[in-house]
Amino acid sequence: MRHLSDSGARFLVAPACILAASVLFGLTTPGFLTLDNGLSIAGQVWILALLAVGQMFALTVRGFDISVGAVAALSGTLGVMAANAFGLPALLLAVPVGLACGTVNGWLVGRARFQPIVATLGTVLAVKGLALLVTGDGQAVPLEAGDTAGLAFDTVLGLPPLGWAALACILIAHLVLRHLVLGRRFLMLGSNPEAVALVGGSPWRIEMRAYQLCGAFAGLAGTLMAARAGAGLPTEGAGMELQSIAAAVIGGTALAGGRANVWAVLAGAAFVQVVLTGLNLSGVSPFFAQIAVGAVIIASGLMDRGLRLLLSRLSRTFQQKGTFQ
Amino acid sequence: MSVSDEALVATGIAKSYGATCALRDARLALRRGRVHALLGENGAGKSTLVKILVGAVTPDAGRLDLDGAPAAFGSVTQAIRAGIVPIHQHLSLFPELSVHENLSAFALAGGSGLWAGRRLVDPSRARGWLAEVGLDVDLAAPLGTLSLGERQLVEVARALSLDCRVLVLDEPTAALNAGEAERLFAVVRRLCANGAAALFISHRFDEIEALADDVTVLRDGRTVIDAAPIGRYSREELTHAMLGAGVEAGPERLSARAEPVLVGRGFAAHLDAGGGTNVTVHAGEIVGMAGLIGSGALALAAWLAGAQAGAGELSVAGQGFTPGDRRRAAGFGIAYVPPDRHIEGLFGPLSARRNVSISALGRLARLGWLSASEEMQRIDPLLRRLKLHPSRPEAEARAFSGGNQQKLLIARCLALPGLKAMVLLEPTRGVDVAARSVIHDAIREAAAAGIAVLVATSDLDELMVLAHRYLVVRDHRLAAELPQDAPRAALLSALSGSIAA
Amino acid sequence: AEPVIGVSVPNLGSSFWISVLYGVDTAAKADKAKLITLSAGGDANSSQQISQIQDLIQRKVDAIIVGATNGDAVKAIVERAVAAGIPVVGISSPPNTDKLAAMVSADHYDMGKLQAECLAKAIGGKGEVAMMAGPTGQAWSDLRAQGFRDTLAKVAPNVKIVAESRLADNRNAALTTADDWIQRFPDLSGVYSATDDMAAGVVSALKSAGKGSVKVSASNLSPTAQQMLKDGDLACTSIQQIVAQGKAALDQAIAAATKGKVDAKVVTPAVLVTPDNVGSIDLSLVVAPADYRP
Amino acid sequence: MRSKRPPAVALVCLGLFLLCCLFVPRFATIGNIENVLRVASILCIVACGQAIVIILGGIEFSFGASVALASVVTVTVLPTAGPIGGLAAGGAAAIGVGAVNGWLVGRIGLPPVIVTLGTLMMASGTAAWLAGGLPLDAPPSAIFSWPARGRALGIPVSILAAMLACVALHLLLAHGRIGRLWYHVGANPLAAQLAGIDVARVTLLGYLVAGTFCAVGAIILTSRVASGQPALAPNLAFETIAACAIGGLPLSGGRGHVLQVVFGVLTVAMFNNAVVLINLPVAWQLVLLGLAVLASVGLQKDWAALKRRAGRAAP
């Protein structure tokens, strides 16, 4: 029964939140509940979604990565520089850059046993500095290798090509988490870190992989950011780390590790985007919009509580407090 | 014994953790087809030796020989490949993963390869292992939905997945009751009959006598009795070897009956379970509550202590309180020892003294201000009485051995101001003979002082030496009440539900 | 029906954009246009602004006024808007594209230039100055700083720039940094500030260290800056008629939306305000009143 | 107990101080040290609040927004309530944010990350809305500027306040019943509940007291900038978390000593001061800060033990 009331419910929160927000905005904001708007939201969600999926890997091994925004900015900028030098495909070099940053985080957390928040705080500062260094004080680097606007804004079968690419990456994340041995190891490490060594795993390597994936996804988000803006933006990304954490947690990822679902995280990111777009369309004051986003994050937490309570009622057992049935 | 018989021999093993020396000069020789018992008090170094044998820890000195050839295991994976299969003291399972994944944990954690699906063991074989240890659970169920005992059996079943030459069991029975343990023993015996060697660690002499062929005793990280046939030494001699001293037997059980103190009426585990269970514990009385795993004995006991919600009415010394309201229950003087000290009991990073004084903070604080000296005066004598070892009340609780950690929980009970009743769940799980006798004495003394005591345990021996009266729980309700002098056989048949002899 | 105009600005936490918005807002009230105002919530939030402009396109507004977080970053999406038939008017830090219906530009470079001329004169053409230069990678702060540096090298080659902070972008951080500078550069004679709010932090650090003789220049003219000028704490501040620009931007947007006549480029010059002329400036063209709430 | 030995961070902090004295120009002047201490004092007061939350096993992201809200509220009510009333109202706003956090985490049981992220946005939106996005200036007044600029007993008031805050935190943690319970709840909330502790109330009080420390910091900050600033100190929460973490408080909860907070704060304040004094370009300032954070934590590690651990884990 705990199965149902705990694991299941947490992944339903984000879809339920999307539903609630859609009804609310649909009633109050003209033009919200239209196909066009749905597609527009679907075209915008991907940067946050990639960051949140990366963040999910760090959370799954009981970690945290507050450097994702800065890493995305640095890797996007370096990607653009590479593209300008070697041609458009070199934009993808952003991914190995993100991977490298993730490797540093992973080494610090996994091998040197830094607390995740300290390790990634240190890398945030250093990465921001590096981004300024490579651009000579933070100037945007226009992407001259080619026009990427079509990839970012024209829709093909409902999504922009970059959206399809991001979706493919998220599908890969799903494969990693659900179907690859590596994903199973993340869940094992998050579930019982001491036991991993006892069954023959190498905890620090697994932890390192999680941060590497997180970094690589930040690099992907950086690629997307650069392609959408047609420029490398070295100072971009402020506040994205907190948004990505919010999206991942709303998407049911357990902060205590061991539980995650990529699609739910995608839904969490979509929910954040729905709220932002809804507020944009509704024309409320930008200050109220900020208050509303805060309220909505807390509401999603309440929704989680409510759903769990409901499911445990339905399964007609008492709330468990101890360790036995 | 012939040398060719020897499967795994460890000699001169030493291992230190910083300042603590876990092993100094340990020797252990396991023989094919035989079960070898390893004895030692809490903290003697048994688990450390096990971790070295299975490649989870590298020793500072010493050598290992596997089938006569020197062996060195850099990792658990290497040891497993060599056929050394561990079952660890603290569950090395993953609550968020399914039973099936847990059974495949070795394959998932070690080695290379991409697809998780390929590494999951064949479901029909997995079900076979589960059946062998007598478990009937859904392979897809998350492990977290299983009870502690069921989880322990999953860990045993998982060991069967490996090609086993040496089976290493570190206190596998701590969470099992007699019936479950017997199934485990059958598995071990069968493996040994096929030529495997087994190492078995337990603090219970009954089990050791029932299962083991040879015995090695460890004291302070040294081997003091080396691979003796089990019959050669008496229990007293073994105890003496373990502790360097004997254990005095506790005082006789008193027969006491006075006014009811702790009363619970109409307990029901499920909203739709009809009827209800009534329990009364009187002043000065030790009630023993027994039940097989999954019988609900622990849940019922926890409910009585206010630690578990559920239907029914509770009262202590005439004052009623809501089930599940642990705070009110503690305020009325009901002390509680939870069954799993690591998860529910201990404050690992806090000092031993603070682990105990938490129940007495109301008494120790004046206007929200704690007096350190008064805390010391109140708590330290309790710790001395319970023979806390090492006697350092300011050391972190997690640095103590299991037996001593358990003493902290007992001391916490005794420190509760206005103590009227104690509800103890598995009070000596995984605790060595010396600590166990100290804890039993403390329980008897409390009862003699007029406290109502309820002990719920799957350890029948413990009940037989403590209880004035037995309550047997089956299917989440009270199945039988037996008097103090009820024979063991009667208890056993009441537990399993067969007609009492 | 009344036209709906989208306004996308980088940051409504800055007096500059508030004043711009005030201009847009008053003009909209006069012209009976409906506004949808979106703030990207910070200068470093280009992705957010791109999404917001996408939403405005989605909402099918009649025209969009864009003050860019980064001119290059919003280029593509602005061209999309134009392609979708929505005219776009750039304001102050315009999108970096030639498809704009109109551009109402503020000259940030000149704002820095004016500060340099004024500060050089105030400190007598020699000495050490420090720059509270504002955040990195933002067109407005980079251009102002560039104008200041270039001009200073020309008009007062003997003045040395000894320090530049780009991390301190609010009053508290500017205060702390200025405190540190006072220790590190005891001979400091002037401080450039990218905004008046940073200048307020600098001035308060100088005052409490008893360094009232150090000259401070700034840009923008919030009520705080007016007071500092009157008290003689600020040597000068360089401004533009940003309220007027806001009004112009809205007028152009409506003209473009209704296919009326559009002026492709509206430029209002930067102006220097000193304690002497602060009384004679028409503030209603420069700064939003203190009680204005977007 | 552990506190008998100075925490590892004390050595790091001292070493950093000596390095700065030797290599950072004009670091070791009285005026500069006072600057460092003034900045450290505000950070320290708020970090005391963060330490409580961390000991409770939680985390507080909303401090930056709640000091901003406090400053705006202060200046908004100043004309009617006067300087003291204004500062009190601002303080009350910060405490209010703490209470909301405590209620949501303690009573409702939501994760601290979600709760404090949510209140971060709400408080910061409310501050911007109240102020209309712009700083609101407070009319100059001696009383109003006293918390930041005044001196008492010859010591700057803010430094005195920080010392009092540390003493208060120490008394709470070492001698207060509630402080003891914070450790218990942080170490093992389930065990605390089974021992009869009202975990929800203890948690609520923890966030409330943390909010109170933050309120004191907010009052000094508001007085310092003499205005209501919707973006008063946006990174305050991260700086306090960094200070606590550098001080050696494990974010897993249940441990922590006031000295660790003090030395962590001093370390952070010295870093920030030193990078300005060294006067490198901004990019290098950031890189240096990042490396300094990592180095100060790295220096406290027992690398030999880590190597042993890794040695056996390798297959």
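Letters A, B, C and D name the chains as they come in the text, with residue numbers starting at 1 for each one.
FYI, a residue touches a chain if its C-beta (ideal position, glycine included) is under 8 Å from a C-beta of that chain, and two chains touch if they have at least 3 such contacts.
These are the chains along with the protein names UniProt gives them: A, D = ABC transporter permease; B = Sugar ABC transporter ATP-binding protein.
Please read these numbers as outputs of a predicted model, since none were measured by experiment.
Q: State the chain with the largest centre-to-centre distance from chain B, centres being mean CA positions.
A: The chain lying farthest from chain B is C.
Q: Would you mind pulling out the distance in Å between where the CA atoms of chain B average out and where those of chain C do?
A: Centres of chain B and chain C (C-alpha means) sit 70 Å apart.
Q: Centroid from C-alpha atoms only, then distance chain A to chain D, rounded to Å. What do you get?
A: 28
Q: Using mean C-alpha positions as chain centres, tell me how far chain B is from chain D in Å, no decimals.
A: Measuring from centre to centre gives 43 Å for this pair.
Q: Multi-chain contacts in chain C: which residues touch at least two other chains?
A: 12, 136, 166, 293-294
Q: Where in chain D do residues touch two or more other chains at once?
A: Correct list: 128-129, 133, 190, 193-194, 281-282, 285-286, 313-315.
Q: Residues of chain B that contact two or more other chains, please.
A: As it turns out, chain B has residues touching two or more other chains at 56, 75, 77, 110, 307, 338, 343-344.
Q: Could you list each pair of chains that touch one another?
A: A-B, A-C, A-D, B-D, C-D
Q: Once bound in the complex, which stretches of chain B touch chain D?
A: Residue positions touching the partner: 18, 56-58, 74-75, 77-78, 110, 307, 326-327, 329-331, 336, 338, 343-351, 354, 358-359, 361, 364-365, 368-370, 372, 394, 412.
Q: Which bits of chain D are touching chain A when the two form their complex?
A: Residues in contact with chain A: 59, 61, 104, 108-111, 113-115, 117-126, 128-129, 133, 190, 193-194, 238, 241-242, 245-246, 250-251, 281-291, 293-294, 297-298, 301, 306, 310, 313-315.
Q: For a test of understanding, state which residues of chain A touch chain B in their complex under the given definition.
A: Contact set of chain A toward chain B: 1-3, 7, 178-181, 183-185, 187-188, 190-192, 194-202, 254, 258-259, 316-319, 321-325.
Q: Inside the complex, what are the residues of chain C that reach chain A?
A: Residues 12, 35-39, 41-47, 50-52, 54-56, 58-60, 70-77, 79-80, 96, 135-138, 142, 166, 293-294 of chain C touch chain A in their complex.
Q: So in the complex, the part of chain A that touches chain C is made up of which residues?
A: Interface residues on the chain A side: 31, 36-37, 40, 43-44, 47, 132, 135, 137-140, 142, 147-149, 152-153, 225, 228-231, 233-239, 273, 276-277, 280-281, 283, 285-287, 290.
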